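Everything on this sheet refers to the single structure shown next.
Chains here go by letter, A, B and C, matching the order in which they are written, and residues are numbered from 1 within each.
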Amino acid sequence: MGTIALGVRDNVAARFWGSTNGKKAVMAVTGLILFGFVMGHMLGNLQIFEGPVAFNDYAKFLRSVPLGLWLARIVLLTSVVLHVTASVQLVLRKRRARPVAYASKESIASTYASRTMYWSGPIILAFVIYHLLQFTFGVTGVPDYQEGEVYRNVVSGFGQPAIAIWYIVSMLLLCLHLRHGVWSMFQTLGVNHPRYTPILRHGATLFAVVVAIGFISIPVSVLFGWVS
Amino acid sequence: MRLTLHVWRQQGPRTKGRLVRYQMDNVDHEMSMLECLDVLNEELIGKGDEPIAFEHDCREGICGSCGFMINGVAHGPARATTVCQLTMRNFKDGDSLTIEPWRASAFPLIKDLVVDRRSFDRIVASGGYISVSTGNAPDANAILVPKDIADRAMDAAACIGCGACVAACPNASAALFTGAKISHLGVLPQGQPERHLRALSMVAQANLEGFGGCTNIGECTAVCPKEIPLEVIARMNRDYIAAALSQRDAEVNTIRPFTEWSTGSKLVNDPHATS
Amino acid sequence: MELNSRLPTGPIETAWDNTKFEMKLVNPANKRKYSVLVVGSGLAGGAAAATLGELGYNVNCFCFQDSPRRAHSIAAQGGINAAKNYQNDGDSIFRLFYDTVKGGDFRAREANVYRLAQISLEIIDQCAAQGVPFAREYGGALTNRSFGGAQVSRTFYARGQTGQQLLLGAYQALERQVQAGRVAMFPRTEMLDLIVIDGRARGIVTRNLVTGEIDTHLADAVVLATGGYGNVYYLSTNAKGSNVTASWRAHKRGALFANPCFTQIHPTCIPVSGDYQSKLTLMSESLRNDGRIWVPLKKGDTRQPGQIPENERDYYLERRYPSFGNLVPRDVASRNAKHVCDEGRGVGPGGLGVYLDFSDSIHRLGEKVIAERYGNLFDMYQRITGENPYQVPMRIYPAIHYTMGGLWVDYHLMSTIPGLFVLGEANFSDHGANRLGASALMQGLSDGYFVIPFTLGNYIAGAKLEKVDRSHPEIRNAEACVQQTVDKLLNIKGKRTVDSFHRQLGKIVWDYCGMSRNARGLESAAEQIRELREEYWTNVNVPGSGADLNQSLEKATRVADFFELAELMCIDARERNESCGGHFREEYQTEDGEALRNDEQYSYVAAWGYRGYGNPWDLVKEPLEFHYVHPSQRSYK
């Protein structure tokens, strides 16, 4: 009568990755890394308000330590791959876990941000790819892309309203994604306390909004001609 | 008061189900939701139809048998209330209620609103206990438990295993249920020796059963009749991650999920089955 | 027929230890060669199945619910007694024993009760070790409360959910054995007959409630832990599924049924609100610790409770029983509530209710303290009635809660069929004519964890158990009987639903064999029950088929057995010409309306033998002797 003990995969790492909890832990850790990057990137970008020289120097500085740059890129790329793979697998699992949908289903407690993670994520990913093509590789979105002329490229790129709006919308989605993701990673990693969790949740919202405002300030400034 | 019910009717696991409309003209607002279905069932039997199958037993909110979705909310609109204690005062004349069973692949449907929740039993069997055989116990006061720890254990232990958390979760995750048992036993001093193995085994079993993953969105705790907090999920994650990182022995207890309804003559450990 | 209750000899303090020592043991290596069927998975059954599994027996455990965790033990609120004397307030094993025998109105066996009081200590240890989150002091020690009128604080509790927590402890122990492969669990499986071969219980016939399959399970011994039969009244605090079927089928196979008329009414339940009412909700008796019970002095006073001045209220329990006041035992509190309602002074719809008023306590202790003590009960009351008990008094009325009667068992908990053991509420053994609060959980766990593992081993070690062939005619016969009953019920296709019959039956039993009884009423009730039963078997409508989940059919088989039990209850109540405990015969009362026991003639257990439907039952008497607690008139003045 079904009381046969099963030997689950013996490899510890495989078993960890094989469980939803393990995948979520991986998503939390990689999410934390990506959040750290986003914060740093946003603060770096704000140097655009110090003028072309300072901004281009900052970009040059980043390229002056190729080892560090590539290390960061590898860590970030790995994080993205793990984050995305885990989320895709969890979505597939979610589908299998409820094969018959409800005729009527209400959400009564969850935030809009938390329910939209599964599509804010892919859109942000699409944005990141476009963003890299635009500013790192100069393939598209900047009419007269010039390697190393970062300030010029930004002004030129955001000078086109459609591209600026696409950027702004993506940053708003990033804001939503972080609003849930930043506190959720603590929960996933096992940090929850009746006193501190509410602070964490508010903190996550605050950081998400700060990140979004920080990023959005740039295309807005370009569009309004404050940065040119 | 008049109500329109749209109730999920499905003869069995392999037949197709559908929502069937029933008009009720004389619902007393003092009735419970289940008493309302009782009245409807009496009418249906009178008309020669089969009554709606729904699970129920204690009808005082503690056994965890009852539960279904009312207008998309597990156990209906009242907070911390199972459908057996949900009085019709919560509805207005002319309301329309859509009543559906819990939906999850780990809760296969049996009939109408009745689902098979044995996956929950297997999660407990995989490690949701303290291994103390009868007669092994020291004096009850030999193990002191601070009051706030006992209270927290009780908060988690209050789970009635109804499955509303799974039903309400967009991922059909059993994290709240599993986390509640892991927390109940994991905060107590008695539960420490098996704390890591318990987390590993119960999490492995919940995964094996095909429940989805937790996305920390909190729909579960909002419908929980016992208001089990999300904190228990964090504790499960903490214990699980700590155990996964520190364990040396890879042996984990799990049980093969099954959906058939086995009977005695097929049982292996029946030494007297001689035929 | 002579009943051998196998009572121990010698001083009561060492009787159980001596009995254990004298019992035969099964060699540890041989235990796995024996199998046991445990029917029921509540405190008694769950504990028994887990413990027998731990010992090494092959155990099959059955429950009709979808999970063993849902057995109705889960609904017990108040607590569990144990003579730990942690509070240093003068408790002792002897005092718990004394209180239980006296509380049972001297209709229980001394030896059984003494053993229960002894084992109570071990139960608390076992449960605490399992992780049952009992209430604690700040220092970490267990705390206690006084409960149900006890003069000492000996009740251990886990908020208002003690039964749930104890059951989860047993359930977890059980699931541990399921995981270990020592116990096979059969949920949604109902026992519908007992197989007796060569005079010994050797198996059961079950119906799988999902597939409708009828099957036989064979074993070396059968343990029934199937709870009480309070649902014979239709409205009770029992779970909807609680039933007498397993016990009754065993009774029809030869097990004597003892003291069926001893039923307990719980004084603090939420009153009935309408005819659709499906069950009654109990509120823990602990409420009486701080609530004051009253009704208006005048008949038919329809004013709101707040508008009735203090001098026009009758705090009738405090008036009649100055020393116990609102904390008199359950039977006394219930009867008095019925009495004042019969006088026309009841409150609420239909005049069937009395006030339980917390305003004094709230005034004295503050709302916060009351909320800490009873918050969850107050919330539940408000959820159900829509009234806020912090502001208006609760309305309560008695309801059937527990049945002290059950299958007759000896000191070893074995019924009159060798190999058939009966535990918990399903047996009759420990509570006499009235059960004290917080004693049911104690008895269930005592039987399951600490008695059956010894006595069952003794039986197996001493019995010569041949293998049983599946084609044995008794098995075929029992399976055919079950199939016939199912087919018959499905084919009547009458006009009335099962519930309508059950409601009508319940009303008859409640009116004539409820809180107070008299000879004429009981005779008439027995007659009405027989007539209704006739109609049932010709006019019941059971829709659906027998080959899938059919809840109407489940109810129909259970109600069929309730009819026969109800008749026996009335016969037993008629035969017992005295008032004792929960059995109050109007003809036998003192001048001031208290129960009048008759120890000269009725100091016995009435055990009834079945002789085929339509034939009168055999009455076998087991005399009760009291060497340690001398029968006295209970007085709570």
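In this section, contacts are C-beta pairs under 8 Å (C-beta built on N, C-alpha and C of every residue); 3 or more make two chains touch, one makes a residue touch a chain.
All values derive from a computational prediction rather than experimental measurement.
Asks: Which one of the chains is closest to the middle, using the mean of its C-alpha atoms?
Replies: Nearest to the common C-alpha centre lies chain B.
Asks: So, comparing C-alpha centroids, which chain is the farthest one from chain B?
Replies: A
Asks: By the contact definition above, name the pair with the higher C-beta contact count: B-C or A-B.
Replies: B-C
Asks: List the centre-to-centre spacing of chain A and chain C in whole Å, with centres computed as mean CA coordinates.
Replies: 60
Asks: Please work out the Cα centroid separation of chain B and chain C, and write it as a whole number of Å.
Replies: Taking the average C-alpha coordinate of chain B and of chain C, the gap between them is 26 Å.
Asks: When the C-alpha atoms of chain A and chain B are each averaged to a single point, how far apart are the two points in Å?
Replies: 35
Asks: Which chain A residues sit where two or more other chains touch them?
Replies: As it turns out, chain A has residues touching two or more other chains at 1, 3, 5.
Asks: For chain C, what residues touch not just one other chain but two or more?
Replies: Where chain C meets two or more other chains at a single residue, that happens at 178-179, 181, 184-186.
Asks: For chain B, what residues touch not just one other chain but two or more?
Replies: In chain B, 125, 253, 255, 262, 267 touch at least two other chains.
Asks: Looking at the complex, which residues from chain C come into contact with chain B?
Replies: 33-35, 47, 50-51, 54, 58, 60, 65-70, 72, 74-75, 84, 86, 122, 124-131, 133-142, 158-159, 161, 163-165, 168, 171-173, 175-176, 178-179, 181, 184-188, 202-203, 206, 208, 210-211, 213, 215-220, 237, 239-241, 273-274, 276-279, 281-282, 379-380, 383-384, 386, 449-450, 453, 467-471, 497, 499-500, 541, 543-544, 548-549, 551-552
Asks: Along chain A, where are the residues that touch chain B in the complex?
Replies: Interface residues on the chain A side: 1-6, 8, 10-12, 15-16, 18-25, 90, 93-94, 96-111, 114-115, 117, 180, 183-184, 186-194, 197.
Asks: Looking at the complex, which residues from chain B come into contact with chain A?
Replies: 6, 8, 19, 69, 71-73, 98, 100, 103-106, 122, 125, 168, 170-173, 175, 203-204, 206-208, 210-219, 221-223, 229-231, 233-242, 244, 247, 250, 252-258, 262, 267-268
Asks: Could you pull out which chain B residues touch chain C in their complex?
Replies: My answer: residues 11-12, 28, 30-32, 34-36, 38-39, 42, 45-46, 48-51, 53, 55-65, 78, 80-81, 85, 87, 89, 110-111, 114, 116-118, 120-121, 124-141, 143-147, 150-151, 153-154, 157-158, 160-161, 184-185, 188, 190-191, 253, 255, 261-265, 267, 269-275.
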